[in-house]
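Right, I'll just put the structure down here and ask away after.
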Amino acid sequence: MVSAAVLGATGYGGVELVRLLQAHSAVKLGYLHSESYAGQSVCEVYPHLVGCSAVLRPVDIDAIASECQVALIALPSGKLSMEFVPKLLAAGVRVVDVTPGFRLREAACYPQWYDFEHAHPELLAEAVPGIPEWHRNELRGARLVAAPGCYSTAVLLALSPLVADGLIDPSDIVADGKTGISGAGRTSLKLPYHFPEASEDVAAYSVGGHRHLPEMLEGLQALTDVRVRITFTPHLVPMVRGVLVTAYVKTGASEGALRASLLRHYEAEPFVHVLPDGQWPHTKWTAGTNQCFLAAGLDRHSGRGVVAAVLDNLGKGMAGQMVQCLNVMLGLEETAGLQARVAYP
Amino acid sequence: MVSAAVLGATGYGGVELVRLLQAHSAVKLGYLHSESYAGQSVCEVYPHLVGCSAVLRPVDIDAIASECQVALIALPSGKLSMEFVPKLLAAGVRVVDVTPGFRLREAACYPQWYDFEHAHPELLAEAVPGIPEWHRNELRGARLVAAPGCYSTAVLLALSPLVADGLIDPSDIVADGKTGISGAGRTSLKLPYHFPEASEDVAAYSVGGHRHLPEMLEGLQALTDVRVRITFTPHLVPMVRGVLVTAYVKTGASEGALRASLLRHYEAEPFVHVLPDGQWPHTKWTAGTNQCFLAAGLDRHSGRGVVAAVLDNLGKGMAGQMVQCLNVMLGLEETAGLQARVAYP
Amino acid sequence: MVSAAVLGATGYGGVELVRLLQAHSAVKLGYLHSESYAGQSVCEVYPHLVGCSAVLRPVDIDAIASECQVALIALPSGKLSMEFVPKLLAAGVRVVDVTPGFRLREAACYPQWYDFEHAHPELLAEAVPGIPEWHRNELRGARLVAAPGCYSTAVLLALSPLVADGLIDPSDIVADGKTGISGAGRTSLKLPYHFPEASEDVAAYSVGGHRHLPEMLEGLQALTDVRVRITFTPHLVPMVRGVLVTAYVKTGASEGALRASLLRHYEAEPFVHVLPDGQWPHTKWTAGTNQCFLAAGLDRHSGRGVVAAVLDNLGKGMAGQMVQCLNVMLGLEETAGLQARVAYP
Amino acid sequence: MVSAAVLGATGYGGVELVRLLQAHSAVKLGYLHSESYAGQSVCEVYPHLVGCSAVLRPVDIDAIASECQVALIALPSGKLSMEFVPKLLAAGVRVVDVTPGFRLREAACYPQWYDFEHAHPELLAEAVPGIPEWHRNELRGARLVAAPGCYSTAVLLALSPLVADGLIDPSDIVADGKTGISGAGRTSLKLPYHFPEASEDVAAYSVGGHRHLPEMLEGLQALTDVRVRITFTPHLVPMVRGVLVTAYVKTGASEGALRASLLRHYEAEPFVHVLPDGQWPHTKWTAGTNQCFLAAGLDRHSGRGVVAAVLDNLGKGMAGQMVQCLNVMLGLEETAGLQARVAYP
């Protein structure tokens, strides 16, 4: 059994990692980090995790290194991650990080998108993007994995095949994102996430420049020489979990060709499923799982391609994907700990 | 006081009309039609309308004509409306119709979009589109008004100024729609609207060809010589009321120019409001009202214009707009009966 | 026109007062107080109140007194109210207060339930309980009205007739309360009201002693010599507005007698409605209104009486009731500004 | 591996059984019955059950008996179950039935509560109540298990210890139930479960006599000589899954004694958890699991005991409990297939 630390174990992503690892056959829960709840047990903070008596601890790199072989980082800020990761790596602990701390290849993007200078550009080059469907070989044996954001995962899974196969125009992509509110996390109690405000409402946010954009651009740009351009607008939807991205693409391909491209790239994938003609995916199919469902079609009137992807922002968009990356990184069965289906409805 | 009939008075649009007319200073409730609840009083069907003891009656054109000067039609089908409207007009009753019965100018569109042949193409030519902001003069004195669908209203209010002013490319519009579930009506109890299915979910529907598309196209095409092309995909959001359309447009104009165009067209409008730079509208601001909020900006990365419109699908998208049209048609104060603000939150 | 000040105008109760007074025929909005948003206009804080350009101001008793004849207090704390009210009264401003500041007759209850000593016990004796249905005569001409909490209003409207008529045993009442989350207010962003926590959940809170209990006890005790005992447990329900209280009472009366008692007490009331046999009320019927619906029946098996009351916690449970009290206090038409029906669904 | 049939496999309870058995280590999915979807595969009906290609079949007792050792019945009606169960038993198939078909001991109750005469009173005597915590020994080796309703499970788990220990007065129990809407099932698309009606609402239903009452009475009456009387009123809450019962009991015991009774009865139970002093359970803790959380306290003012129980109506209230019973019946590990924790939030 590999012992895994979880940093930021009481955020929504962290507690989902704890839940997944509790049921994992080859990885066990090691050091559980929390600053705000240090000294309490997990089941004191989350009574539903009955019996999980592990005690939360403040950060201590040496203790982590002495107890764990890997660390899963679900901290609330990329800056914190940037500080801890080099120390963990130096202490011999391999890392899967879901903060933005090591997501972007170009250090110059950090001040622009995250308001801090990146102190470890050399690690940006080393960090492997945490999408096993597109980086499986690099993940095997990696020291540092940077799991992408939930929106980026949805966009990249939906569009990478079509860009790689040259079926769509990468310079003219519109991606309209919808997300549940758990994406806002647990610690930042802001007014827009207050139940009376968020309920019975839908609205766009971060219009004109959301932080996940550079990840999407880097991911797709790696597959084409054409300059990639994405107009991405996210929206807040009154539900807890789930991301839906509806992408509108310029294409000369037929519906069948679009779908065939998706099928070809994902036919052997355990977590990415392409829907048959005429069926469109629901976020509800994915809650609590590592599944992603894709669909593609053409608008009859305009001829534009429409491609949709759904996933659980805390599952395939966060904790599930981290565990999948961990499995690949460590040479374990890739689906270990991730085979649950959604409790429907 | 003008006496108004409501046909389909127990659907969600119908009962909203009843509520609005109860509080109208110059129009009173006349003949209230319902087939399914004929013989019962309104407050038996809807106990919250306490004191509204008017009895619902099956359709009777002569009785309507003898009691009412106008009829507001909120029937569940355009085919029914196509049957009743000519009789009402012949009997001297003026009509505001929110079904698709008379929305499309071209009779040939009916078999294509609604599965029936249109028996009264001459009335299609006469019917005035029910958007006072763009057809106020035609509405004055009209006999027959065809109120547009909720999505069409949102798209047309958002984009008509920009098309009319030549600021965007009408041939390349992407419109992503989000709606609450009351848009599905009250009588059709289908699985997707069952609470356990609809809650905690978002999904696209009618991808590639929604019935509101031809109305949008006709509305915008009237403002430009360039062939209009819209890729429109609607989505179902777990909330009761509200429509948000996020439109993505090709433009060479600045943010300021886009917003100035909207402001110029709507500055004197009582129900259409353009938000300041950086603010984006929430559907929650509109529930139960006849208000529409618009915002426009540019995507910093791609340069595409982003234009958003919100309204209440049962308010400005249905009953509110019908009352506004009625007011204009009859030469009444345009805001009569429509001045309520949303009960927030 | 009477000019009314609103203290705490940007909380959920305050903004509802603003909305109601905007549409009031005999009262106009005067001094609008807010500490957190002082200097901004109402429509900057709440864009849906389009056109409401009144500027929010910090507290200034002299200015209020020079501009307004009455003050409606919707501050977040009873302690603040206890401080301001004597000054307002001294300056000749009459007050309707919805904080707990003057709700309890016995000063000794304050340290026990609200953690502060009451500095003005003489005003506790003067304050008229703000339930027009039971205190209409005292309200006429009152200087100071203490509007009860939302739960208290529901319990008192449901049970006062039955206690007054001696139909139930006042010493053995169980009252199970359910409320929407807007009752938690807007300023206190606590974890239980965070959308991901509150959604898809129901739970009891304040078990064994909720602050509204002493108001309920005082209200019912005034109607009987038997010692009143209520077991009251409130629950948080994932909806925005609405209170439902289901009360279980020991009774020897028939269903008909229970219902007759309610009907007799409320037959002339414009806002309290008793449902016919077999119909039970929905909170949805009341959102945004000053309506209250009551129902009563017997449990066939146990013989206990079951009495239910619904109202909008921000309507009849707060702002609506305050305006109703204001109308009575000033000798205006009691229903002025309160005739709106719910926008359904 | 034991092969299990599921009758009614496409209802919400049935599909949850399919999900649970997919992950069960000692039971495999056998005959999957559905009338409405016969001929389709499970994943055609429920795309989220990706890869579950088993084909749904109409009922065929011989085929079930030839393929399966046990049958799990989640049919929409007890009458259907009453028809199938004797045939299954005769064919040597053991049964866990969650319909009301065999829940009540007294045949005379069926016409009263379910509008049909019971044709097999001898099997009513044989059927073991499906609550392992109270009938574990009888379940071992049983041929026929009648799993109780979700409300009954909650009431019986909460109150059985207190009745058995003589700590409360069984003749004066008030139980206020709250449930999510999935309890209404998937096939009956009625207006109260239509999203626009159910959302933003709470209301009582079946006041004065809900069908689960006789099960509760039988269950508690078996533990005491005092005549049991329960006033039970259920309420519909706008959420998908979850049951909360808040019970109000007459007691002379202290809070500590109440809690100690619960702890003593459940300390070795894997699925029933007693919360510490001052903590009250949330339905959200249980969604998708077989967990039940209990809490007990005293109302400070009235002295009544307050006892709360939460569970997932489709989990411990239905499919989870059925699998738990199956495990006990077959001598398998009782927690097999049931160890998942809730995906929170």
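Lettered A, B, C and D in written order, each chain numbered from 1.
The definition used in the following text is that a contact is a pair of C-beta atoms (placed from the backbone, for glycine too) under 8 Å apart; a residue touches a chain by one contact, two chains touch by 3 or more.
Every value quoted in this text rests on a predicted model; they were computed, and no experiment measured them.
Counting only chains that touch, the fewest steps needed to get from chain B to chain D is 1.
Across the two interfaces under comparison, B-C and C-D, the one joined by more C-beta contacts turns out to be C-D. Chain A and chain C, compared by their mean Cα positions, are separated by 46 Å.
Separation between the centroids of chain C and chain D, computed from CA atoms only, is 39 Å. A straight line joining the Cα centres of chain B and chain C is 36 Å long.
Under the contact definition stated at the top, the residues of chain C that touch 2 or more other chains are 12, 180, 182, 186, 196-197, 199-200, 238-241, 281-282, 284, 287, 345.
Of all residues in chain C, those touching chain D in their complex are 174, 176, 178, 180, 196-197, 199-205, 207-209, 213, 217, 229-233, 235, 237-242, 244, 246, 248, 280-284, 287, 295, 297-302, 304, 306, 308, 310, 345.
Residues 12, 15-16, 19, 22-23, 46-50, 182, 186, 199-200, 240-241, 273, 275, 279, 281-282, 284-289, 291, 293, 314-315, 339-345 of chain C touch chain B in their complex. Interface residues of chain B facing chain D in the complex, by the touch rule stated above, are 12, 180-182, 184, 186, 189-191, 193-196, 198-200, 238-240.
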